[in-house]
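Chains: A, B and C, in written order; residue numbering restarts at 1 for each.
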Amino acid sequence: MSEPAFSLKATGRLRRRQLVNKGMGALAIGAALLAVAVLAIVVISVASRGAGSLNLAFFTQNQAQGFNPKGGGVLFAIVGSAVLVGIATLIALPLGVLIAIYISELAPPRFARVARMALDISNGIPTIVIGIFVFTMLVAAHGQSAFAGSIGLAIIMLPLIARATEEVLLLVPSSQREASLALGVSRWRTTVQVVIPSALGGILTGTTLAIARAAGETAPLLFLTSLGASGNADANPFHPLQSLTLVIFTYSDLDPAYQSKAWAAAFTLMCFVLFTSLAAKLALARYRKKLGG
Amino acid sequence: MEVIKTKIEVADKSRRPATADREVVFEARDLDVFYGNQRAIDGVNIDIYQHLITAIIGPSGCGKSTFLRTLNRMNDLVPTARLSGELRYRGIDLYGPGVDAVEVRRRVGMVFQKPNPFHSSIYDNVAYGMRILGMKKDLAGRVENALRAAALWDEVKDRLKDSALGLSGGQQQRLCIARAIAVEPEVILFDEPASALDPISTSAIEDLMHELKRDYTLVIVTHNMQQAARVADMTAFFGLNVSPDGSRQGILVEYDETEKIFTNPSDKRTEGYVTGRFG
Amino acid sequence: MATSHADRDPALKRTRGWLDRIGDPALKAITFSAAALAVSILGLIAFELARGSRLAFHHFGLGFVTSQTWDTIHNQFGALSLIAGTAVTAVLATLIATPLAVAIALFLTELAPKPVRALLGALVEMLAAIPSVILGLWGILILGPFVENQLEPFLGSTLGFLPFFRGQHSPTGILTAVLVLTIMIVPIVASVTRELFTTVPPELREGALALGATRWEMVRGVLLPAARPGILAAVALGFGRAAGEAMAVLMVIGGTIGIHLSLFSHSDTLAARIAGQYQGASTNLQISSLVYLATILLVISLAVNVGAQLLIKPIDRRPRRRRIALDRALEVQGLSAD
């Protein structure tokens, strides 16, 4: 066989192009590593400063009095957060599911588009604006309360639950609906007794994600439920209640004893939000795969 | 076999074999292709000749496209794909050390089943490859030449700046051919080039192929036997082999001049396929 | 007319009672009301904000937008300083975050092997889920000292000839705020962009690679142009998020009125000022001015959001599978709490 008169190796211009290619690849890897590094730095610094202050008293005692107190805990804030998010979920979950049913099953296409756009726009409204909105609507006249805070949180959770539910409703195979309708079952029963139970897993994980989001909110609560909130555990929604997030915010500015509690509260909240978000996303991914999404 | 580097015209299908005095462009010896642990192609031995149209036919799933994609190293894009055996391009091991796949793909172009023009103008589609290669001199002229060679110039010369997506399916496919020609390849691979097109566009593409083989070597995968019979000089029939353990691989059953494959095949399996008894 | 199956079969007869006759229209009515409520909340928000800012609007009119004053003693308020602060921090954060986010998205879709892709994607989304008050806490107590003691001296000494890097070093200020905002919006833009890249058909990529393009040349010449409208929408979403962020910015920006050129200076944004003044607001005029600020912020965020929606629209018309991919991307945007 005679000598080949050419080569398939990279030379000259191609070698330069390959260098550029590798360079860009390195930049991309670098950016990804940077993101992971930042995540690690934030998580580790919160963990290292917060975990140390975690003890039973932290979770079971209420706000200590005075300057630089030794003991005390954030029980009142945990209870407050639970009440705030709990009531918000009770409001947003049924509404969100109903809206999703309308958009995916019952609405004429133009209405569905309008509703979807409204949800997406609401999702993008800064939460502080939502806080001001509920403030002018409710608090100006009736004073602060956890209930007002829950309404603010519910407005924030609503688009998330509605969109997540809509997505899983669309994923339910139409063969299920058609089988039910073909048996003579009415549309509403089909939706309520066949489609929704099928979509339940997805609805729950979507709600969990919304709960994780609401648990991390601070800005709207500033106007709605912090003034005059007691430092003792209180579950009455008509009183203003503290939340874990508000405590982190307030304590961050105070003396070291409170600051260490702020770190501990931040660590607690971060663990809660990250674990529930991650678990919900994993469940959602598996659920989607099961339904063939 | 002696390699003669001059082009020889074969006047018609006389008794002189079509492959005589032609350079071998691709030489495969015991070529296996695996996806992970699954063997997709088993022991292919084939010589593909310059300035001929070689068609690869066979039932679905017998590795035709897989084989085609080894010729321009597009299988590299599949993470689990690997090769064993030998595949030479004009004497050089295509998968040897130091071989740059990007250079291979410039020399061995490909036209896909579904026309896939870029979301830009007709001009920019054709110019894309040339710009990357730094062929900046007289770009407009080169674009025109490529479009003429793809028999598309007259239809688009007044709207080069229009979006390529506004062309019909057949025009888009010819645009993809022009785009491939623009980087001055030596080989053009066609993966079921007309299966997504209507009969009139298909016949336009087939006429184009007859023109193109003067300057390029063409390898075509097609599930349409009539197309192979119309267009190809050499035809390779890939069949499915079932192993003792139940796994299936594609194998090269028979490879010969097209006329022989369709009128007097040597292998019973080839005969079964081309006469429509199976596949 | 022959009786229907339902009438003849006793089991099915159970499902044909009065409940079923009203069930369908009732469900439609109930769900319609819920949807109408969601849509009208938008209008309600606009209405309430307008109502709440009426007092301030009556006093200052549109001049509010062009006045830099924020004087609680003399009850004179103006939004310009805050608008400038919002613009500067949001624009800078977006400028820094976008190339980072696109690079991360490219890594995830083009370079990362499958197991790494899932893991890294999850980590990036985790970054989005961190509540902003925690990022603010980290920002003021950990990033702040770093900025004051290492970053600003470094920038001052190397780039101090530019007016942007002069002045006193401090843990708070525009620079710290921009860094914190960047950390917040990178995951959002990255996730939306990543989902967008997956909607670009593989045939387009293969076409470019088959011509003899390197991976980067394929990305630059085919992938990025094909995804451009979606990337712009993602950038708009990120910008909107940065402009609306209250807590983290409040904690690290230094809450000062006045427009200065240097990144080291303290500043304030619309959202941060509203959040920061809630407790101290004494007069009705001050409260109304805060609501006026919120109105301006609402206008900005609506403009950005509607703009992003319009950019996404052409993508929306594609098959449902691709729309779902986009929806999943948008849900990451919903992960980040303020």
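One rule holds for everything that comes next: contacts are C-beta pairs under 8 Å (C-beta built on N, C-alpha and C of every residue); 3 or more make two chains touch, one makes a residue touch a chain.
Since the model is a prediction, treat every value here as computed from it, not as a measurement.
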| item | value |
| --- | --- |
| Relative to subunit A, chain with the most remote C-alpha centre | B |
| Central subunit by CA centre of mass proxy | C |
| Inter-chain centre distance, subunit A versus subunit C - centres from mean C-alpha coordinates, in Å | 14 |
| Between subunit A and subunit B, centroid-to-centroid distance (C-alpha), Å | 52 |
| CA centroid of subunit B to CA centroid of subunit C, Å | 49 |
| Where subunit A touches two or more other chains, by residue | 17-18 |
| For subunit C, residues that touch 2 or more chains besides their own | 214, 217 |
| Where subunit B touches two or more other chains at once, by residue number | 102-104, 107, 132-133 |
| List of subunit B residues in touch with subunit C within their complex | 72, 74, 77, 79, 102-107, 109-110, 112, 114, 116-120, 128-129, 131-133, 176, 179-180, 183 |
| Subunit B-touching residues of subunit A, taken from the complex the two chains share | 1-2, 4, 6-10, 13-14, 17-18 |
| Subunit A partner contacts - residues on subunit B that touch it in the complex | 3, 89-92, 94, 96, 98-100, 102-104, 107, 132-134 |
| Interface residues, subunit C side, partner subunit B - complex | 113-114, 201, 203-204, 206-214, 217, 221-222, 225-226 |
| Contact set on subunit A toward subunit C in their complex | 17-18, 20-21, 24-25, 27-32, 34-36, 38-39, 42, 45-46, 95, 98-99, 101-103, 106-107, 111, 114-115, 117-130, 132-133, 135-137, 140, 155, 158-160, 162-164, 167, 170, 183-189, 191-192, 209-210, 212-220, 222-223, 227, 245, 248-249, 252, 259, 262-263, 266, 269-270, 273-274, 277-278, 281, 293 |
